[in-house]
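Structures incoming, each one as structure tokens.
Next come two complexes built around chain A: one with chain B, the other with chain C.
Up next, the complex of A and B:
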């Protein structure tokens, strides 16, 4: 009896362990896949220009230096001036896109979720039509449109373009959030003395904060990282955004890899900070306890 | 408090009448239950009174104001929802305070009223909690508290107890009844549970298919259902309805069955049958008014037992009579078995007769 149970127990445990180890190895591989380029970027950014090009590579910089960062952040020299200007341009375009996207998507999604009006279904799917095509298809038509509107070489052209990409998904995303907020909450608020708008503002809006934040992050990252439209619509140096700007001034004669990596690293900082600041809102289920099913 | 009058109230969705010409008066301080099966229009009626959906036709009067086009906030009503609809981001205190804050009451008055309401509902210790930290019964209390904190003209309640477990439901039922008696509140209460309606309400409005079927005290509705729908909806187990044919035998008015037997009628019942427009008569009888015999008796009709359900207090027997199932309650000492032949005796004073075509109760002229 005992020998049988002794024989069986380790076998089944080994099988479970096998799965668990496969899972762990997979996670480690995924982590390396995402983290190693970032680590290499950081390491390269603190090397000297010569050390960055050595072969075999220096796994750890022999003389770590922050010279590249100093150069980029110094408003006195031309590289620093450009970098800071591009950074500011990117921030301006991304923040404008985000604010406008949220500003338009919130009422639009609420309307799609709560009201019935003629053409509601059609409009809702029409909103998605743009996303059925690759973004590049609209490059030339949108460029012509921007030229007619006189918006070429302005940040307005980029903000408008990013909105056409970001809004449809933002509306879909937010509509899902509003669908999940019980309509009785608004009805209760209206009976308790709120106008329809107050019910939306005081009761529904706070509950849709996770949705609004997800939408905002999505719009922000989309605008922050966009390259092809920025490269097409903007030719003036002082209007460039970071993705285009970085590529422009580091690859003309000899590529300054530590500088490029330092710029790339600093470009990823706002996105990471945004996530760290806002992630706690994703975790909480805000409507818990509102209604009993 | 105020009275509520519905005059020829209509709500249509496309060509569908959700509420069809409903007229009723809820007197000041009265507890009225709207009952009916799912989709009968009772919740729609309540939402129309609340102003949450626009009316198609008719009038709603609360107090002495016609409120047809008023916003919910201007109707001086409070509502308790089936799923409670508590504001999840607000504490219990702020849930209760919200209606008062919206009316811009001074802070100290809000505080006093919230604490009073909390004391009445025995939840002073819960004021700082969020709704998700409360049990179902406590959430229900908060919902009730939010309604009573502001002294509205009318309370509207949309199945407030249906999400509670059975034991809590019975407890809250008596609490709401007590609350009505103490506050002399005008309450319109929607429920699909006729037991709730019968036990709590001063009057009940039975609805079906958007129409108001009957509006009277529970006792009257139970004793004198106006039509076959009300008869079969109110009472548990339901009133048994057996379609029969009116005819005469030996100069006496009888109801005959396709099974070959005839049920002689009392003179009063014979006059009722004579008032019917057709020969099709439906016999209705509640389970407690039917006597079950295990052997043939004069005046008793043969039937076959279908199921036997002992509940301890009484045993419910279902038997096939002329193709219809009939509910009979018998003392637990009576033992019958499925498929057994039994004889049923109807109490002439307590049977109900309905016109088979119009489905309306028959009256002697």
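Up next, the complex of A and C:
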């Protein structure tokens, strides 16, 4: 017995190790796929304009410089003033979009999850209708609408537009989450004297925090990165958001690569930090609706 | 930095340029500007000979104490552009505000590739600015659709004969002027002498013909493994026609008869044997010899420039500002990088654009124009015409049309050549001699509303169809000719 057991154990371990190593190699490749562009972006941002154009490339800058970052973060020069203003504009639009998206999506999703009312199914699928078309086909109609509403060149036009994109998925995401919160918990609260709103606020909301956070991240990232509507609706320099604003590094015949990379790196920082801090909620929310308890 | 033997090139080109010269000297709008006299020597002789008072001149158009409001879009200069040019743009708006303190100006700089699309979208929503400065391609399109007001140099105190006839053509629609040229340019040919030498070519001698370009490109690629010629074939980018049309015209082809005297734009010539030969040259470089950047199909000039500066492309058609960009990069580099950058500058050579097989030399007569919109297409429904004319006068003045084109172009107002800043420019930007010597070969784009579609969509499409193998050269040329026929007959692409 003992000898058989001893013979089998190493074989079993070798097989498991093989899979493990395959998995590790795969993960390393995936990590490289996602991280290398960021690393290259960072390296390019600390090169001089001439060094950034060299071929073969300087894998590590021979004369590293923080000049691009100093230029971007210096409120005394025009580049810094513009960049900081674009950054603030993006932050404002993204936060407003996120807050409004959560504010609307939470009760809407709860209603779709808990209530039966005429047209419920139709309305539920209707909210998705907007997302069934390429965004670009709404560009001119929405521009004309915003013009009629007097919202061209205001952040309100962007917030409204981003909501129309983000809300359907947010509602779907949250509804799946609410479906998995046992209704008995609310019933118990009602029996104990809570109103429906109190049951929602004190029982359901805390349990749905991961879903709400995932919805918020989704809305924030969507608004933060959006380009085409911002480029169309906003023409005033003072109102531009970052994705449009960083175009200033492209010219007709040349590109300021270090400046572009520094601006892009700084633009990606809030999203990366947000995602790293809250990713477990995001993953949980995305998988929660997939399994019925 | 040295120029190709200019005198010899000019003498050689004098005969073959006669046709182009006559095109440029014809009496468009009843004026006559003899561009054949605009040699580097002539430009040098008039530089710094006159002084102009911009405020006084524009004050007679719009009083300096005028109170008003103005919204203005223009193709701006940004971080990648030469520092010198960015400083002039900054100075311009500061000076305008100081001269007209009671005009509330809202200016918006847009990038080269975005301006036309953004402007079109704004017009659809009647949300355009009061005035706009557009690439030379755009004027006729928007004038023909009724978006622009009539505007001629006389409206802002200048004379039509103070502007290039070819440039004035680009703002004319049905016999009326709808804008004023701000700057005009002809490009030149740039090459890396060190690469030429290492590839076994004469480092001081550029390819004389487009057939030579194909041969040189192959030799460079075969010997050194790098790209010979910086082909540009990106779709919906103005850079592509600016690089391909000189080749097309050089071989004797054209979209229409735009490279001939008194063009009628009636007969489509994109499928002529000469046009096909020009396309074949690009095919030979990209497909047969593989001697150009593999990324040429998505490259624009901003992508080829780093390749050239890194010594990975040996020659290309170049905007005059490339030299200043390189000087900026060198000035900002440190240590070993600064030395390498200096070596690149030392190896830069400028010469005239090659000719076709029969000696025909051509280059796009490019630039920008400034326009005032009709009120119904403007955000708010009103145009402050006096304020707009003040801005037009300012930008098209001898002083500012020179300064705003300092590093990369030429002043739209010919009197700009007479200012002291032109003299200073000639002393500091040596290759200006070469680009000036290309002026007689400048061919304006067809003055048709459909020209932006033809140049930015159909021409790049034709190149891409041939270079990707989706069509043969013959098929691609025939397909493009058919598309031009459809577009000009109103059927669309």
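The rule we apply is simple: the second predicted complex is superposed on the first by the 245 of 293 C-alpha atoms of A that agree within 3 Å, B and C clash if a C-alpha of one lies under 4 Å from a C-alpha of the other, contacts with A are read in each partner's own complex, and residues count from 1 in each chain.
Convention: a contact is a pair of C-beta atoms (placed from the backbone, for glycine too) under 8 Å apart; a residue touches a chain by one contact, two chains touch by 3 or more.
All figures in this text were calculated on a predicted structure; none of them were measured in a lab.
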**Prompt:** Where does A:187 make contact in the superposed view: on chain B (first), on chain C (second), on both, or on neither?
**Reply:** first
**Request:** Scan A:236 for contacts with chain B and chain C and give back first, second, both or neither.
**Result:** second
**Message:** In the superposed model, which partner reaches more residues of chain A, chain B or chain C?
**Reply:** C
**Prompt:** Is A:156 contacted by the first partner chain B, the second partner chain C, both or neither?
**Reply:** neither
**Asked** Given the touch rule stated above, what does A:207 touch, chain B (first), chain C (second), both, or neither?
**Response** first
**Asked** Between chain B (first) and chain C (second), which, if any, makes contact with A:80: first, second, both or neither?
**Response** neither
**Request:** Report for A:198: first if it touches chain B alone, second if chain C alone, otherwise both or neither.
**Result:** first
**Message:** So in the complex, the part of chain B that touches chain A is made up of which residues?
**Reply:** 50-52, 71-73, 77-79, 81-89, 98-99, 102-103, 130-134, 136, 139, 146, 163
**Asked** Considering the complex alone, what residue numbers of chain A touch chain C?
**Response** 48-55, 62-63, 65, 67, 78-79, 139-140, 143-144, 146-147, 152, 231-232, 235-237, 247-257, 259
**Asked** Taking the complex as given, what residues does chain C use to touch chain A?
**Response** 73, 75-81, 90, 106, 108-109, 111-114, 118, 121-122, 124-127, 129, 238-239, 301-303, 305-307, 309-312, 319, 321-322, 325, 328-330, 332-338, 340-341, 344, 379, 408
**Message:** For the complex, give me every residue of chain A touching chain B.
**Reply:** 182, 184-185, 187-196, 198, 203, 206-207, 286-293
